[in-house]
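Here the chain labels run A, B and C in written order, and each chain numbers its own residues starting at 1.
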Amino acid sequence: MKPVTEKFRDIALDTLNDSKIQANLNALYEGFHSRRIAAGSATHNWEDLREHGRSIREHTVENLDFYIEILEQAVVANGGNFYLASDADEAANYVVELAKSKNVKTVIKSKSMLSEEMSLNSKLEQNNVEPIETDLGEYIIQLADETPFHIIAPAMHKDRSDVADLFSEKLGAAKSSDVNELAGVARSQLREKFFQADMGVTGANFVVAETGTVALVSNEGNGRMCTSMPKIHVAVTGMEKIVPTMNELSTLLRLLIRSATGQWISSYVTTINGPRSSYDEDGPEEFHLVLVDNGRSKLLSDPELREALLCVRCGACMNACPVYRKVGGHSYGWVYPGPIGAIVSPVLTDLKQAKDLPFASSLCGACHEACPVKINIPRMLLHLRRKLSEGDNDLDTQSSSVFERGFMKGFSKIAGNPLLMGFSVKFLRVILLPFSKNGRLKKLPGYLSGWTEYRTFPIPAKVSFRRLWKLKNR
Amino acid sequence: MDQKLKTKFLDRVKNALGRVSDSDFDVKKEQFFTNPEPGYRDAMTDSIENAVNLINEFEGNAQNQGWNTYKVSDVSRAREVLNNILNQIECKSIVCTNEQAVNLMQLDGLLSGRGIDICKMKSDDQINLDPNEKEQYFRSVAKIADVGITGCDFAVAETGTVVVIPKTGVSRLVSLAPPVHVAIVFLGQVVRSLDELFAIRRYQIVSGSKNGYMNLISGPSRSGDIENIMIQGVHGPGDVHLILVEQGLPTE
Amino acid sequence: MKASLFVTCIVDQFYPKIGESTFGILNRLGIEVDFPKGQACCGQPMFNSGYWNDSKPLAKKFLQDFSDSEYIVLPSGSCAAMVSKFYAEILKDEDAALREWEQISPRIFELSDFIFNVLKIDDLNQFVTPNSPSGVLKIAYHQACHALRELNILNQPLTLLGSLSNVELVNFDQEDVCCGFGGTFSVKFPEISGAMLSDKIHALRNSKAEILTSVDSSCLMHIRGGIEKAGDKIKVMHFAEILHDRLG
């Protein structure tokens, strides 16, 4: 997906002014967010699971090179094909070339965020291969030619009338306001595709190194269809999704599913160890696992940002985030939105282009609290802010203005000197007093006018606390 | 894959991790992977010793997950219940697996004279077809079948999950394609939690099992993708039934 | 017992009454309060904006000014989080300063946390004076984010407020959600900040609250500003001011 991270402000503003999307975003608090909390409370050892989950992820990331080698051995021993793609283009090429070499006409796709990184659908189309999204939400946005709004519920910004209009326009379906009927349209459209498709492309929620297993979490059944019906199955995922053995799946699946939707368990969890064997009645004859870097090694190499690779892609952070619940997923301008997206999207694409993302947060910490593996997102946002403002160790990430840098330096000098500070604030009060009423300003000038758009601003007190103290303790 | 590309990829990962040498591969292989057998044995023993409690716990959680459950004392009651379930549905054709739990239902006898097509994988009337034709035939039947009937390999009490491992006689489609799925679970098949299930499965795979696909089925197919309203039966079965038999599967 | 007051910029320059109330409460609870007069800004605005080098001298100054303090009490959750937690990031490469900070950090407390966990007071009724107002005030507590999530401050102010017979704690919708201040966030992204604030004001309007309180004066400045702009009647008072008022 081509990043449009520089459009954050514009898209955010549009979203703020869209009352329908605001209603859908607001519903996340009682929806996914509250349900996650309930599922966590109902799990008697939730905090232990979080600790355990974190330690599994940390261990794997710290030994990623080792586990990649183990994984390759296992996949190949299972009769599968294994490919390491350095970037999204290379991964896309692998899939496209494979499709071409096998005369694939249609590809059925189960949800894969990595395939979005790859812009796989458009690349397949350019090569005369028809990609069909089968996850209901992804199907909807594919028809609408949009990008996902949320990693778990990609079409959450649309209401049923939007979907009805879309199905009517693109599929000639009769308009209905019944959600069941709308899903029925998708079901019948896709059913034929499931049975005819030549290749299935899925993501992977986790990949087990020891046994070469892909684990897929789904509710609809499309993941099962994509890995049962076609002759070829390709799984594409980020290299950080590895877990050591199947034992670890129990903890991680509980954390992922209960944090994503609040479900106790999803309708389906499917584990796949390669192509069918002679003891299988059906299933794909070919299995391909494509493990992708695409900038993840950048996160890996920075000890302050490495923690971002612990992410299990549950979406809990964006459900918990009061900023995401206002600006929605499209504002973030790339595949991963919300708090984790504010770290991953800039680093995997271009930090300077995405310079608004790390700053568009009040650092409230709700994401850290929500994360099943306790990723300290605010801390990483602060580190990214440092890279953008000061330039950290290498100045080429610095994108702050000379004015702002100078201002901060000056501010620091004044704020560190009580005498200077007292003087400056007194001076400020003198200037502001004539414009104020009852100690309040209704309008601040220039850059600061954003404040008074929504709030009054207090003028400084006549006598500061420290002056009062001085007078009292003479 | 191409060795040069692989080395380039791995070197980048190693550099990122600050690896100076990689001579500890074998040491890690020794240290990081525990023996799967004890976990397997414990899980299996637990599921047998606590079979009655586990099947009851399973029933409750299965209901929470949206299964319609029916607990019966033996096989003949199970056949009665199955008959009732099928009576409630407009059922013209059934696909089922060729496994002991399903064979015990003696579907032909149960449903004789009702004009219902029953298609079982690897049954005698398909014997003249070659494997590919047989598979295509079964697929075409499954696509239009009204009900799919399976047994299970395991069930998980913690999550109300039925575990189906496709193998000879057990196609992936039976529990996926039709709009209704009936699963039959016997006493002793229920394991306590996901921990036990994956300990068992790990052992199976590491010991060389060739059946490399596993489905954990925990209720009907569903989606909340439109307005976060939960609907059932999107691509998989929307109507799912669980017959719990309070007897162990007779040894074959 | 002695404690040093770290008054914080906003209180010092904009809301000195909060400083006075804090001082008064601590006195009433038997604490001898001093005010290291060289104290300055904790450096949070620079740090949050990514200018860590500019916040470093302020961190070192803090250590200098408060090195002799038995306890350091702040009427602000976010400033307390800054000096007791985030200084570790700023001083990472400064061994000597870092070690000094490690000594001082356990002695730093936000006001309600100090009263509850250091003074071990969970019931303020014993400190009520004859001047204490008899009418019951309906008070809503805003769960200031840094206090809540960095310092685990929620039970302390709620228990202390709830212990007063002339206080009735009332709830409001989504009370654990950020008010939208976030320091420079409120200036850099005013529309988003304003939208979050609007939700907060709306929730308060639909509640029974007569007063909104919290342990962070910057959140309160932001919320009060929005309430005033909207013309709503609900009053905004800092936790220290409420205690001072309710105890009489």
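Operating definition for what follows: a contact is a pair of C-beta atoms (placed from the backbone, for glycine too) under 8 Å apart; a residue touches a chain by one contact, two chains touch by 3 or more.
Note that the structure is predicted; figures quoted are calculated from it, not measured.
Traced through touching neighbours, the fewest hops from subunit B to subunit C number 2. When every pair of chains is scored by its C-beta contact pairs, the maximum goes to A-B. Inter-chain centre distance (subunit B to subunit C, centres taken as mean C-alpha positions): 55 Å.
Computed from the mean C-alpha positions, the centre of subunit A lies at a distance of 31 Å from the centre of subunit B.
By the touch criterion stated above, subunit C contacts subunit A in their complex at residues 7, 9, 11-16, 19-20, 35, 37-41, 43, 45-55, 57-58, 61, 89, 145-146, 148-150, 174, 176-178, 180-198, 221-222, 224-226, 228-229. Put simply, subunit B touches subunit A in their complex at residues 1, 5-6, 8-10, 12-17, 19, 22, 25, 28-29, 32-34, 36, 39, 61, 64-65, 121-122, 135, 138-139, 143, 159-161, 166-173, 176, 193-195, 197-199, 201-202, 205-206, 210-229, 231, 233-237.
Contact residues on subunit A toward subunit B in their complex (touch as defined above): 24, 27, 31-32, 62-66, 68-70, 72, 78, 81-86, 134-137, 140, 153-156, 158-160, 163, 179-180, 182-183, 186-187, 190-191, 194-195, 210-211, 213, 219-222, 224-225, 227-228, 239, 244-247, 249-250, 253-254, 261, 264-283, 293, 297-298, 300-301.
Across the complex, subunit C is touched by residues 9, 12-13, 16, 29, 322-323, 326-327, 359-366, 368-369, 379, 382, 384-390, 400, 404-405, 408-409, 411-412, 415-418, 421, 425, 440, 442, 447-448, 450-451, 453-458, 460-461, 463-466, 468-470 of subunit A.
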